[in-house]
């Protein structure tokens, strides 16, 4: 498809794609923010939730944080490579990021299987509802990010649309930041 | 400022590429990425939904006037059906009529044309957002055909009523309603990102921030308000859906949940939502009254700043919908103050419009009549809001017909009068033909008189203590007085007259579409850029991409023979 | 389409020095270790600081260096901060009602009881036991007669004769349990079904609300027995 | 005019009505001014051949005056309204004068249950009187009500008292009222509560001391001894 002239203009000095990504992130902040604010006020109001939170697996959570931080690193290195015009290198690094996302989701899956086996399902009580909703919404973002990353990597491999490496990177870092807050909220505070 | 002409040098419209779009009907009209076609899709979907919403209003108003009677064209309205009609009338009129017509249809149509570019920045995202919107409308309509019928827990959907099928008796309807609304939010989030990015980045050379037509500004501010306020409700809707389908307990007080959380999340979005639809209508009216009074918009910057101020303050007022709904009474004092503060920028906007009229040369064309009708009716809606925003008097007025009359005096001007102003004004550009002025005026008077006769009696009913969402007042002796029943009958008769006159509009719209007089490029002698494109504009909009040399409201400028001065004419 | 000819400004914006990303990653990992180890001290204040204080620092580092907010236009930062600020505003407006369980002239009885009940029984209690086993705290298990008086009598009358105060407005009229004829066509299973699923489930008035979510099966059974005893 | 639509029978009804009238006067003034200017300018500045509109930017201070002065005046009016609104609100909702009696009001789908403390004046004792869709109170006596809901959100509303408060399941909300006239009035449910919302009404019987005492005696006699 031919890009319209509109897409190629940049009155603000920020490329259109990146400007749009910032707006996406702003609207994501209020979605996650609303959910987490609701969680926090319940959490403070219900001291017994600390007991429920004790059943979460801090080690798995910490490992996942490490995985996401590392995948963010490869995403930003991919951006650096893309700016240098090295599409194939950027693609390799992006696939590494996808691998990080996959590990994250696998660990998540194992964790959830274990917890559901113990009876901590979505319906057990308010804490677990928020736990699965917040982490699940975040997981969906990881999954969506992985799919988009694969498309961007395929383009980057052929040195096409290299500016998208930066855009998906910004999104991925945002997903990382959400997890940085979910981790203490759901795992550490007990 | 950079020389606009030289900046244009590398922007040659891809005429060949745009021409390639002239293909089959499906591809041209249903799968197009052209912003104008998408705007038409939104407009026609919105008009169709308005017919459904109007039919619902007919159903329940007839029941109120003649309780238990057989309603011609509907049948007997049972209590359950009454609430179903009321709930979906509200939902449809706000989310599937006001939003798509005012923001999506006019936003899509006007933004690229008015800022002088060929399309939205993300045409395919634009198409996707319409398709999601259409899907949400279909889901809502489908909810009428599932077992137990559509949702009947009011458009505010307070849990536990909405959360538990044992209470609302519509297990399918409630979930489909919620899914439809949430999907609609996603569609408008995508659309909003597109609008805001387009206006920020794709303006024609010379189109500085203070030269953007007011309606574009208003749609952008509205989109930002929507994006910033809807997030918590999206999260809340997911939780409510879990409560409905998986029986979690987030809003269930018996198991540690809190129903008030939903009320807060809903109104944190719900109040800015009022301004989301108000501001685009205000913008349309600003365009119309300046053109037809041949006068510069009074204090462009002031009105822009008041719009922004309104948007900001609208985030601080949400709990005035909940004064007596169980919130801590001390909070009500704070929200009374903020609510009364928001009346100041809105009042100022009205003053600006009045000041624009003063000293003009006013031509009473159909679009102008609608623009003036908006000011007249919205004033009534605006001043009655003060009664509801003051905590003390809201104790009495909360959830009475006074509230109903108040917000219909704001939403009717916004969703219908504002839209009619826009449609009649831009019809020549949209379809290349003129609408019939005589029929247009008949339609205007046939709408503006009945609408007052519907809602002025309802103010009285509200003062007399009539409460909302009651299918028959015969069970409440104080409300069953004949005097009050006469008010209800008056309102119902006026509604039927109103609906009948909409047929005039539909007739005028459809015949003008095919047989109207051919329109010139600039029939109203207006300044903004869309009137420099052909009528209707081709795919790609402009033969030569325009540059901008002045603000949009240079009417009757001294020292010129013409009383208008298009934005793209070099000095 | 290649991007080569487009977005010249894009290319300009990208020409910036890259910080040492691996070093920043190292700092982030070190912070992660601290935030995991902090709570092991068992001091609540330290936990809160290490958990949330470090989360803020980590988010700041990622946003600044990885998302390049440090070289982005300042109004983008303003935009994101505003979004976060709105959520703080929302929290401030809502917390007084949801987080607190009592305030001026109101008490959240259900939440208070939930907290007390859970804190009393939380030791050693597994999630499986909690699931679905909680009777509503606001509704202590009561005898069938008490339940009848509370929820049925407004419509069906104190004596079960279908002449409750609310019955005036109802069409069709509520069932008269004292009428022997009524019982000729109904058995206990049917009555239990109506109580559980509501009148609509058996083609009767939908104004007979379902109570399946309010009462346990045992309570419904007891209530049905009570109704059958009303037959004269 | 207002009282002919709905009687005023509580101590704070006239305060709320007074506030409504205060607002009506203040916003009514602005409404008339705005509509007056509106219609005047439509007539005065209608299109006439050969007459050109004036070119006014509205950015000069001398022109801007025409909106900044009304703007300031609106703000002053707002201050009056805020003060009036908060005074009434604090009186009706935020403060609790010492009660003569306390009653419990319980909402459920689709009926009201009222629990009167009976002759001993205390709730939760054996002589409590439970009535459904009928509330009996004594004129001139200050009541506290404790509002509860058994299922969904309802709203306890007595228009002739100008009183309204939502009943939230799981919460106990306390408020007060004091009737000033005897008579029979409507009690409404003011928040949508399901398909029976339209039948969820009750009647309020405001009785003189003698009548009320007689009612108490009658009900106490009829009351079967309760297990609790």
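The first chain written gets the first letter, and so on, giving A, B, C and D; residue counts start at 1 in each chain.
Everything that follows uses one rule, which is that contacts are C-beta pairs under 8 Å (C-beta built on N, C-alpha and C of every residue); 3 or more make two chains touch, one makes a residue touch a chain.
Predicted, not measured: the structure shown is a model, and the values here were computed from it.
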Identity of the most central chain, Cα criterion: B
Interface with more contacting C-beta pairs, comparing B-C to A-B: A-B
Inter-chain centre distance, chain C versus chain D - centres from mean C-alpha coordinates, in Å: 30
Length of the line joining the C-alpha centres of chain A and chain B, rounded to whole Å: 34
Rounded Å distance, chain A centre to chain C centre (Cα mean): 25
Shared-contact residues (touching 2 or more other chains) in chain C: 82-83, 86-87, 90, 94, 98, 100, 104-106, 108, 110-111, 114, 118, 138, 169, 206-207, 209, 214
Two or more partner chains touched - positions in chain B: 79-80, 167, 169, 228-229, 232, 253-256, 258, 260-261, 265, 268, 326, 329-330, 475
Per-residue multi-chain contacts in chain A, two or more chains: 2, 8, 10, 12, 14, 23, 26-27, 29-30, 33-34, 37-38, 42, 46, 123, 125
Which pairs of chains touch, using the document's own definition: A-B, A-C, B-C, B-D, C-D
Residue ranges of chain B touching chain C (in the complex, touch as defined): 79-80, 148, 164, 166-167, 169, 228-229, 232, 253-256, 258, 260-261, 264-265, 268, 315-316, 318-319, 326-331, 475
Touch list for chain A against partner chain B, complex: 1-2, 4-12, 14, 16, 19-20, 23-24, 26-35, 37-38, 42, 46, 122-123, 125-126, 129-130, 133, 137
Interface residues, chain C side, partner chain D - complex: 104-111, 138, 143, 145-146, 149-151, 153-155, 164-166, 169-170, 206-207, 209, 214
Chain D residues within the chain B interface of the complex: 2, 5-6, 15-16, 19-20, 23-24, 26-28, 30-31, 34-35, 37-38, 41-42, 45-48, 51-59, 63-64, 66-67, 70-71, 74-75, 78, 81-82, 84-90, 92-94, 109, 151-153, 155, 157, 159-160, 162-166, 168-171, 173, 185-186, 188-199, 201, 203
Chain A residues touching chain C - in the complex, by the definition given at the top: 2-3, 8, 10, 12-15, 22-23, 25-27, 29-30, 33-34, 36-38, 40-42, 44-48, 51-52, 55, 58, 62, 65-66, 69-70, 72-73, 75-77, 80, 83, 118-121, 123-125, 128, 160-163, 166, 169-170, 173-174, 176-177, 180-181, 183-184, 188-190
